[in-house]
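Okay, handing you the structure first.
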Amino acid sequence: MTAIITAILVIAGIGALAALALAIADKYLAVQEDPRIGLATAALPGANCGGCGFAGCADYARALVEGTAAPGACAPGGDAVNAELAKILGVAATATEKRVALVKCCGTRSEAIRVGDYNGICDCSAAAATAGGDKGCRFGCLGYGACANVCPKHAISITDGLAVVDKRLCIGCGKCVSVCPRKLIELVPASATIHVLCNNPVRGPEVTKVCGVGCIGCHLCEKNAGGKEANHFTFNGFLAKVNYENPPTDATLADKCPRKCIREDAHFETGN
Amino acid sequence: MKPKDTSEHYILSSSPHAHADASTSRIMLDVIIALLPALCCGVYFFGLRALFLTGTCIAACLVTEGLCRLAMKRNNTIGDFSAVVTGLLLALNLPPDLPVWMAALGGVFAMGVCKQLFGGLGYNPFNPALAARAFLLISFTGPMTTWTKSAWTLSAGNVEATTTATPLALIKKGAEGFDWSQAALIKDLFIGNVNGCIGEVSALALLIGAAYLLWRKVITWHIPVAFIGTVFLYAMFKGGVPPLVHVLSGGCVIGACFMATDYVTSPITANGKLIFGCGCGLITMLIRTAPTGAYPEGVSFSILIMNALTPLINRFTQPKPFGKVKK
Amino acid sequence: MKTVNSAFKFHGGVHPQYNKDLAASKPIEAMPLPQQLVISMSQHLGAPAKCLVKKGDAVVKGQLIGERNGFISVPVHAPVAGTVAAVEQRMGPAGGWADAVILDVAEDQSAAPAFLPPLDWKSASREDLLARVNDAGICGMGGAGFPSAVKLNPPPDKHCEYLILNGAECEPYLTSDYRTMLERADRIRAGVEIMRKILNGPAVRIAVEANKPDAIKALEKAFADIEGNVEIVVLPVLYPQGSEKHQIYATVKRIVPEGALPIAVGCVVENVGTVAAIADAVEKGIPLTERVTTVSGDGVVEPKNVLAPIGTRYADLVAFCGGEKDGVRKVISGGPMMGFNVPHLEIATTKTTSGLLFFTSAKVFQYTSNACINCGRCVRACPMQLNPAFICSAVESNDIAAAQKMDVMDCIECGACSFGCPAYRDITQNCRRAKASIRAAAAAAKAKAAAAAK
């Protein structure tokens, strides 16, 4: 019995001493920090996605308070967070629009041809560096998931050899944009619903040789969306591109695309 | 509509496109082959029960590995034979009269806790067979140090020795007046006609296996030579019991040739291997000769301690690149 | 002139199955002209050449069609007379896309070729010879394709003490260098004398692996009466004996510092085929427009050493060798250790295509990677004395910085690590990935710094 009591006393004593030491350290060794850093960190979403270009939310908050960064870089937070940050910092808020990643390819394994059986590391850059990649289209999605692997929100899935972004989960951090060796992921306004899911600017006959759903630059979409003056589409070579400054909204555009590379996705409340 | 696909595709992979005839399962198979002489000796000296115990350990390891992989939803790795090697090594490090359920428990512990919990082959920090042996030794000290069915009849006729002790236990006791340098003793130790674990007794059988592994280039000489060399030198400078007795007794040879050379838990570079082997030898002898320690044998603990140091050794023995200039 | 054995052994290396006997006994055979050539503007290391022709242009044999575009770049010449059918992007053997001239070969090849005027190397100045090597579009024909004129013109503070001829041909299956040494030893000798003059008289070492005794004999005969310090160094059979840095060590025991070129230790290494090409360029004025390519492997009907114009499509090349057998699963441009897989046979040869190998399913090595068991085979095999296992693990966990710290940039991608890996890990590919990533990061940082400076 005495042994137990001794043990309890000893342990309790060590605990008390340690607590005292901590209390003293907190009082005398405290580092003075701008309280706004704490406020700004709290205001940020805490996803630590790195989309702002800093190591995490706390790092961005520090940069904001130190004046080396401006509010507005937090894509996941959107307008609400940026307004909050502007209030904390005492500057004027700038409105930003919520943006989400879009994979500009719809050439699944069942639609686009592969020219080889790739055997190696399951990574897009590695596959692209092996004989130029196994996909027939040299602009299309390889589907080895480099984007999915870096996505902090698991918003990207690989289905039938193609990366697909779940708009509802995407926070627009842009990490996927930088890892894609084919550079076919783009951040687009979340409110846009009509997209051209192709990235191949070469001539039609070349495209149809490798993909069943590749854009051939026929300009039908432009015509159906009110012609050149309506300015809903731009063209790069033989590739149509949605003008996200002025995105089309007509859902029938997708049906009318002869190559079925124009797709509509549902509009949804982004929450901001 | 998908365009017409061209005939059969070629395989696209990154160079090199040639490969040596080597595989993990072949290496494990070689280790199993190399352990067969030691197993045969164990069966010869301790009877069929040794074989039964070995079978139990291997089965326990295989079943545990299979179930763990299933539970972890990973690919089944039974085919790489590493579980067989672990089961075999564990059995060879057990006393022949250990209750069967204890041996099976050891196998489960080796595979489940020491290997698969860390992610399977390649990720375990400690040699699973040795960790399981240590687990059994600590949990069931009695059965793990009982050598009842002794076949050891010392040619010199030492009465105490013929009953229940291993040579190392005798050394630890400091058997007064025992003639350690007699040729008959060395011969018994070399052949394996002594008390001990199933596979550790016959240095001859183990050395045959080690020679096979060296010939097959499965192991390199560094760890065995450094280990045994350190034990020999330590014993020589310590005096008393002849160094050869220390080398041939207990688990020194099986430890140096088969347990310490486990790839996963030993350093990767040649220099690292030398340091590792020396460390094992040193700790073994410190445990064996410590006047206050409880254990007569220190091979398993020494290897486990050095396993823990392996990442550190690796860190300090990184090779220097060809043409590297100091900045 | 004497023959010596190499006394210096570098660390590591592996012994793949060489299988050179498939094509070793086949003399170099010129193939009939194909109907169309695809001549890439990116035949070499460095910046692609600038295309000088357009669709519809008629060109004659030897005409300059691509002009040197930067310091590390070489010009490109038309191998035959013909009409330009198109200038468009085509994929090269390494998987990169570059502009290529699609040339419809003229049926009538009697038009006078536009060769350069022959030079007498004895009377020509060093500068003229150097200019000729440059104008003839000569680059290393061993694999990397480094422009020879840059190699042969060391910076003024560096002196070339050794000219090393690389005749190791350590890649399995390939025999193009072997046949060149056997059949064109006199051209190699002429090239050596020219290069000696350009480099101000260095000692010459001809490095040949011991498994080519015939080639050594042929070279001994051709070089018998040469003056000056010339030695044939017989190297032990070991892959990668043909690696520049390791060959320098094996022949003259000098170690090239990391990130430096061989000239840093007073050496210039050139492939034997390139040396013969230099002789032709100077003495006959012929630009580099054709080369010997070994077509081999168990998937080709008749393995051969083919002399083909640059830009020959692989389909034409294999058709000349009897075609591919049924069940070919892998086609390699180059050797099996460092060559590139190609997805189809529309790809065309370049100045660096030393081999084209076809393998059927029986020979193809296909794999799935298992966990690293830390066996250390890669560490023992790595000729650069790296720790491939640890680098591979670092890259797999996306820790490129750790890989860089373990000197992944020194990796020569020889493949010795992956070759012997019992777990079939993609060690070489991971090293390559890390190097590409580090290079990209460095380029991005440089671009950023340049933008900031503006």
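Order as written gives the chain letters A, B and C; numbering starts at 1 within each chain.
Here is the rule we go by: contacts are C-beta pairs under 8 Å (C-beta built on N, C-alpha and C of every residue); 3 or more make two chains touch, one makes a residue touch a chain.
Note that the structure is a prediction, hence the values are computed from the model and not measured.
*Asks:* Write down the pair of chains with the top C-beta contact pair count.
*Replies:* After counting contacts between each pair of chains, the winner is B-C.
*Asks:* Averaging the CA atoms per chain, pick out the one whose centre lands closest to the mean of every protein CA shown.
*Replies:* Checking distances from each chain centre to the full centroid gives C.
*Asks:* Could you state the distance in Å from the CA-based centre of chain B to that of chain C?
*Replies:* 48
*Asks:* Which whole number of Å gives the spacing of the CA centres of chain A and chain C?
*Replies:* Roughly 42 Å separates the two chain centres.
*Asks:* Centroid of chain A to centroid of chain B, CA atoms only: how many Å?
*Replies:* 51
*Asks:* Going by the contact rule already set, what residues in chain C reach two or more other chains?
*Replies:* In chain C, the residues touching two or more other chains are 340-344, 366-367, 426, 429, 432.
*Asks:* Specify, in ascending order, the residues of chain A that touch 2 or more different other chains.
*Replies:* In chain A, the residues touching two or more other chains are 115-116, 119-121, 126, 129-131, 134.
*Asks:* Quick check on chain B: which residues sit in contact with 2+ other chains?
*Replies:* As it turns out, chain B has residues touching two or more other chains at 6, 9-14.
*Asks:* In the complex, go through chain B and note every residue touching chain C.
*Replies:* Interface residues on the chain B side: 6, 8-20, 22-24, 26-27, 77, 80, 119-123, 220, 263-266, 268-270, 314, 318-325.
*Asks:* For a test of understanding, state which residues of chain C touch chain A in their complex under the given definition.
*Replies:* 91, 95-97, 340-344, 366-367, 426, 429-430, 432-433, 436-437
*Asks:* Touching residues of chain C toward chain B in the complex: what are they?
*Replies:* Spelled out, the residues of chain C in touch with chain B are 10-11, 14, 16-17, 172, 245-246, 249, 255-258, 260, 328-332, 334, 336-344, 359, 364-367, 370-377, 379-380, 382-387, 389-390, 406-407, 410, 413, 415-416, 418-424, 426, 428-429, 432.
*Asks:* Given the complex with chain B, which residues does chain A contribute to the contact?
*Replies:* Where chain A meets chain B, its residues are 110-121, 126, 129-131, 134, 136, 208-212.
*Asks:* Mind listing the chain A positions that touch chain C in their complex?
*Replies:* Those in contact with chain C are residues 115-116, 119-121, 123, 125-126, 128-134, 138.
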